[in-house]
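What follows are several structures.
Both complexes shown next keep chain A, but they swap its partner, so chain B is in the first and chain C is in the second.
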Partner chain A sequence: MVPFTRDAAVRLVLARLALLGQELGKPALAQADEQTRLFGEASPLDSIGLVTLMADLEEDIFQATGRRITIADEKAMSRLTSPFRRVGLLADHIVELVHSSHA
Partner chain B sequence: MSAWFSQRLRERGGALAMQGPWGDCTYADLERLWQAARADLQALALEEPAVFALVGEHEPAAVAWLFALAEAGHAVAPLAGNLAEHPGKLAEVGAQWIVTSTGRAWKLLPRVSEPSAHPAFGALRQQGHAGLVLFSSGTSGRPKVMVQDLTVLLATYAERRLNRLPVLALLGFDHIGGLNTLLGTLAAGATLVVPADRSAAAVAAAMERQRVAVLPASPTFLNLLLVSGEAVTRDLSGLRVITYGTEPMPPGLLQRLRAAFPRVRFIQTFGTSETGIIRTESPDPASTYIRFVDPATEWKVVEDELWLRSRTQVGGYLDARDAVGKFTADGWFRTGDKVELGPAGTLRILGRLGEVINVGGEKLMPAEVESVILGLPLVLDCRVRGEAHALIGQAVVAEVVAAAAADQEQLRAAIRNACRRALAAHKVPTRVSFVDAVSGERLKKIR
Partner chain C sequence: MSVAIITGSSRGLGRALAETLLAEGWIVHGFARSVQSLAHPRFQPHVVDVGDEASVHAAVAAVLAAAGRVDLLINNAGAASMNALLLTPAATAAALMRVNYLGAWHCLQAVGKAMVRQRAGLVINLTTVAVPLALSGEAAYVASKAAVEALTKVAAAELQGQGVRVNAVGLGPLDTDLTRAVGAEKLAVLNQRIGRPRGTLLAEAVDFIAQEWRQPTSASGTIRYLGQLT
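Up next, the complex of A and B:
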C-alpha cells in the first residue's frame, strides 16, 4: 500500500467538505482550510453534519486505502483537545487511525 | 390547575419567568399573556372541548396558551420541529384549531376539515379534564399519538418548593422532557433560560449570560458540550446540577463530565411519553445506576425489559392499533428499554430492544426514513437501521439498492436532502451505503 500521508488526509477532508457544502447549500465549506472549525462556535456544521462528514470520510478512506476506520472512537472522545474541532486536527487523527488499522 | 399557578404568578410578579431570543418575560408578563389568551379563547364561544395544535417552542405565547387551554379543559397538541412533519401530525390528531406562537405573539386559525374531536378524548371530557397530546415515532412511518391527562399532570407540579435557580430549556416544547423542565421551573418560581438554538455554542452562551444553575440534557448533548470546547471557553461556574436522560449514559462519558465539572451534581432522570417523568435517585453519582422513588409509579423487569405502571399514564393511544403489544391488560407499559438490575433496588438502562433508533435522545423508527428514501426514483430498495456512534449515541444508517443508472455520489446527496426536507434533523441518515440487496423486508417499493 502507498503510505497514507497527512497531506493526503487533509486533501480528502477538504474535498469531502466541499461536496458536503454543495449538498447542504453551504458553499463556504469549499473554502475551508486546515484551521477551519468543524464543530463548536463559528463552525458551519451542526452535530449531525459533523457525523455525516465522518461517515462519508470513512468511505473515502476505504476507497483510498482499503482500510475501514471509525473516526469517532473512544480514544478520540477522551482527548483533552478534540480531534473534531479543526480540519488539521481531524487529518492528524485520521492518519493515526489508518496507520494503526489492519488492512 | 389555574388556582395554584395563578397564585404562583402573582407571588413572583416582577421576577424573571423566561428569558430567550425574544427577550425577558416576567411572571407578571406571563400572567397578562395568559389573560389575553384566555380572552381570545372565550371569544371563540366553544360549546364543548376541542383539540388545539399549539405550534411553537419554549416561548411566552406558547406557555400562555398551554395554560389557557388547560384551564378551559381543551386538548393541546404541542408541535415543534420540522414543519414538514406537521400536516401528518395534525391529521393524525384531528386538530380543530391551530395556534401558532412566535415569541409573545400568536395567530389562531380554525382547521375546517375537522368538525369534531376524536372519540378517544371522550374519557377526559367526561371528567372535565384537559388533554395533552404527544407524538412518538410509529412502526409504520405514521406518527403514534398519545393522550395524557393534562389536568392530572399539572397537579403533580403544585407542591414544588420555591427556588431561584435558573434552568436551561434544551428538550423541545413538544417533548415530555421539555414540558417537564418548563412546568417544573415555573412551578418553582425560577427562570427558564431558552437558548437561540440547541447547538453547544448557543447553549453555552445562554448559560454563561444567565448564570444557569440547572442543565437538563441528554448524554449526547453533554458529550458535544465537551467535544466543542464550549465547556472550557465559557464561564459555566453558575452550574450546580446536571440532569441527564432520554438515552443511556456511557460510563466513560460520565467520568469525563465529572472531571470537567467537579462541583456539579449529576442526577439521572427517566421518563417516557407514555408514563410521564418518573422521580428517581442516583445513589452513587459516579455510577449510572438509578432508583425509582416515585410514589405514583410501579416498575418491574420482565425478560430484561423495563415495565412501568403510573398514575400519570396516558389515557391511551389515539389509534387503538398502536397500543397492541405496548400495554398489558392490567395497565403495564412495556417501555422497550433493555435494563439491568443493580444493587439495592437500582437498575441501569442499557439501550433499546427492537427497532427504535435513539439519536442523542431523540427517537425514530426506521420505517419513517425508509418511506421517504423509497420515494426517490433511482432507489430500488432500502433498509434503515441504527449504528452505535461515540459522538451521538446512535447514528441513522441507510443501506440502499440503487438503479444501475444512478451516480452514487449524487444519489447519496439527493437521499439526504429528501430526508432533510421531509423529516426532523435527527432522522436524516448520516451514512448512506450502496448495496446489492438489503436483508429482510419491511416496506416494499411499489413500482
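Up next, the complex of A and C:
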C-alpha cells in the first residue's frame, strides 16, 4: 500500500469539510485550508459539526488506508496543543495515528 | 434490509427481542459473553463483553464490515443485584456500573459514530421502573440505570441533529434470570406499585419496546416506563 502522507491527510480533511459545507449550508467550508479553525468562535463548525467531521473522517481514513483509527483518543485529548484546533494540526494527528496503527 | 445489534441476546428479553426482529425481517447481530444457541440465517452471534471497550469496538467493526450499516442498537445487556445500600460491597456497585452503564456507553460510542455517518439510526437503552420509584434495596442497580437514563438524554441532544434518535424504555420485573433471585412477595409488591398486579409477560415487554421501531416518530431523549407508576 502507498504510504499515507501528510498531504493525503490534508486532502481528506479538506474534501470532507467541503462535503459537510454542502450538507450544512456553509459554503465557506469549501474554501478551507490548513489554517482553518475547527472549533471555537472563529470556526465555521459548531460542536455537532466537529463530531460529524470526526465520525466521517474515521471512515474516510479506513477507506483510504484500511486502518481503523479513533481520532479523539486519550492522547489527543490530553495534548497542550489540541489537534482539533486547525486543519493542519488535525492532519498531523491523523498521520501519526495511521502510522502507529495496525492494519 | 435493516440491521440491528442487540446486547445480552443469549437469553431472556434479549433473545426474545432478537427473535421478534428476525420475524420482522431484520438482520440481527447479537452480542453476548457466552455462546448463543439461536439459529437463524439472518442472526449473527458475537462473543462480546460489553464492559470492555476493545471487545465492543472490535465487534461493531465486524458488524459494519459484514452489514455496512447499523439501523438499530438495543442496549439490553444488564446485571442486577438486590441488597441494602449499607450492605452492598463497592465491588458490586462497580460491577453493575461496568455492565449496565459502561456497556451502554461503549456500544453507543461505537455504533453512534456509524449512525452519525449514516445520518440515521435508533438507539434503545433498557432501564427500569426502579429508577423513578427509587426502589429500596436496589441502590447499586438503580444508580447504574439512572446513569443510563442520563446518558440517554445527553446522547439524544447531541445526536438528534444528525438523524440519530436515542430513547430509553423502563420495565418492571419479568420472569427472566435477572429477577430469579428476587422473592415472590417483593415482586408482587413492585408489580402492584406499577399498576400491573398480574406481572408482565415477556411478550408484553417485547411489544412495549418494539413500539420504538414499529411506530416511526421523531421523538428522541424520551424515557417510557411500562405500567402506571404511582
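The working rule: the second predicted complex is superposed on the first by the 103 of 103 C-alpha atoms of A that agree within 3 Å, B and C clash if a C-alpha of one lies under 4 Å from a C-alpha of the other, contacts with A are read in each partner's own complex, and residues count from 1 in each chain.
The definition used in the following text is that contacts are C-beta pairs under 8 Å (C-beta built on N, C-alpha and C of every residue); 3 or more make two chains touch, one makes a residue touch a chain.
Because the structure is predicted, anything quoted here is derived from the model rather than measured.
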Exercise. Overlay done on chain A, so just call it for chain B and chain C: clash or fit.
Key: clash
Practice problem: Look at A:Leu19 in the shared chain and tell me whether it touches chain B only, chain C only, both, or neither; answer first, second, both or neither. | Solution: first
Practice problem: Give the label of whichever partner, chain B or chain C, reaches more residues of chain A. | Solution: B
Exercise. Considering only touches as defined above, state whether A:Leu50 meets chain B (first), chain C (second), both or neither.
Key: first
Exercise. Name the contact category of A:Arg68: first (chain B only), second (chain C only), both, or neither.
Key: second
Quiz item: Touch check for A:Ser101: first (chain B), second (chain C), both, or neither?
Solution: neither
Quiz item: For A:Arg85, is the partner it touches chain B (first), chain C (second), both, or none of the two (neither)?
Solution: first
Practice problem: Could you pull out which residues of chain A sit against chain B in one structure and against chain C in the other? | Solution: 48, 51-52, 55-56, 58-59, 70
Self-check item: Residues of chain B defined as touching chain A within the complex
Solution: 199-201, 205, 220, 223-224, 226-230, 233, 252-253, 256, 359-360, 389-392, 395, 397, 409, 412-413, 416-417, 425-426, 428, 430-433
Quiz item: Along chain C, where are the residues that touch chain A in the complex?
Solution: 57, 61, 113-114, 116-117, 158, 161-162
Exercise. Report the residues of chain A in contact with chain C in the complex, numbered from low to high.
Key: 48, 51-52, 55-56, 58-59, 68, 70
Quiz item: For the complex, which residues does chain A have touching chain B?
Solution: 19, 22-23, 39-43, 46-48, 50-52, 54-56, 58-59, 70, 72-74, 76-78, 81-82, 84-85
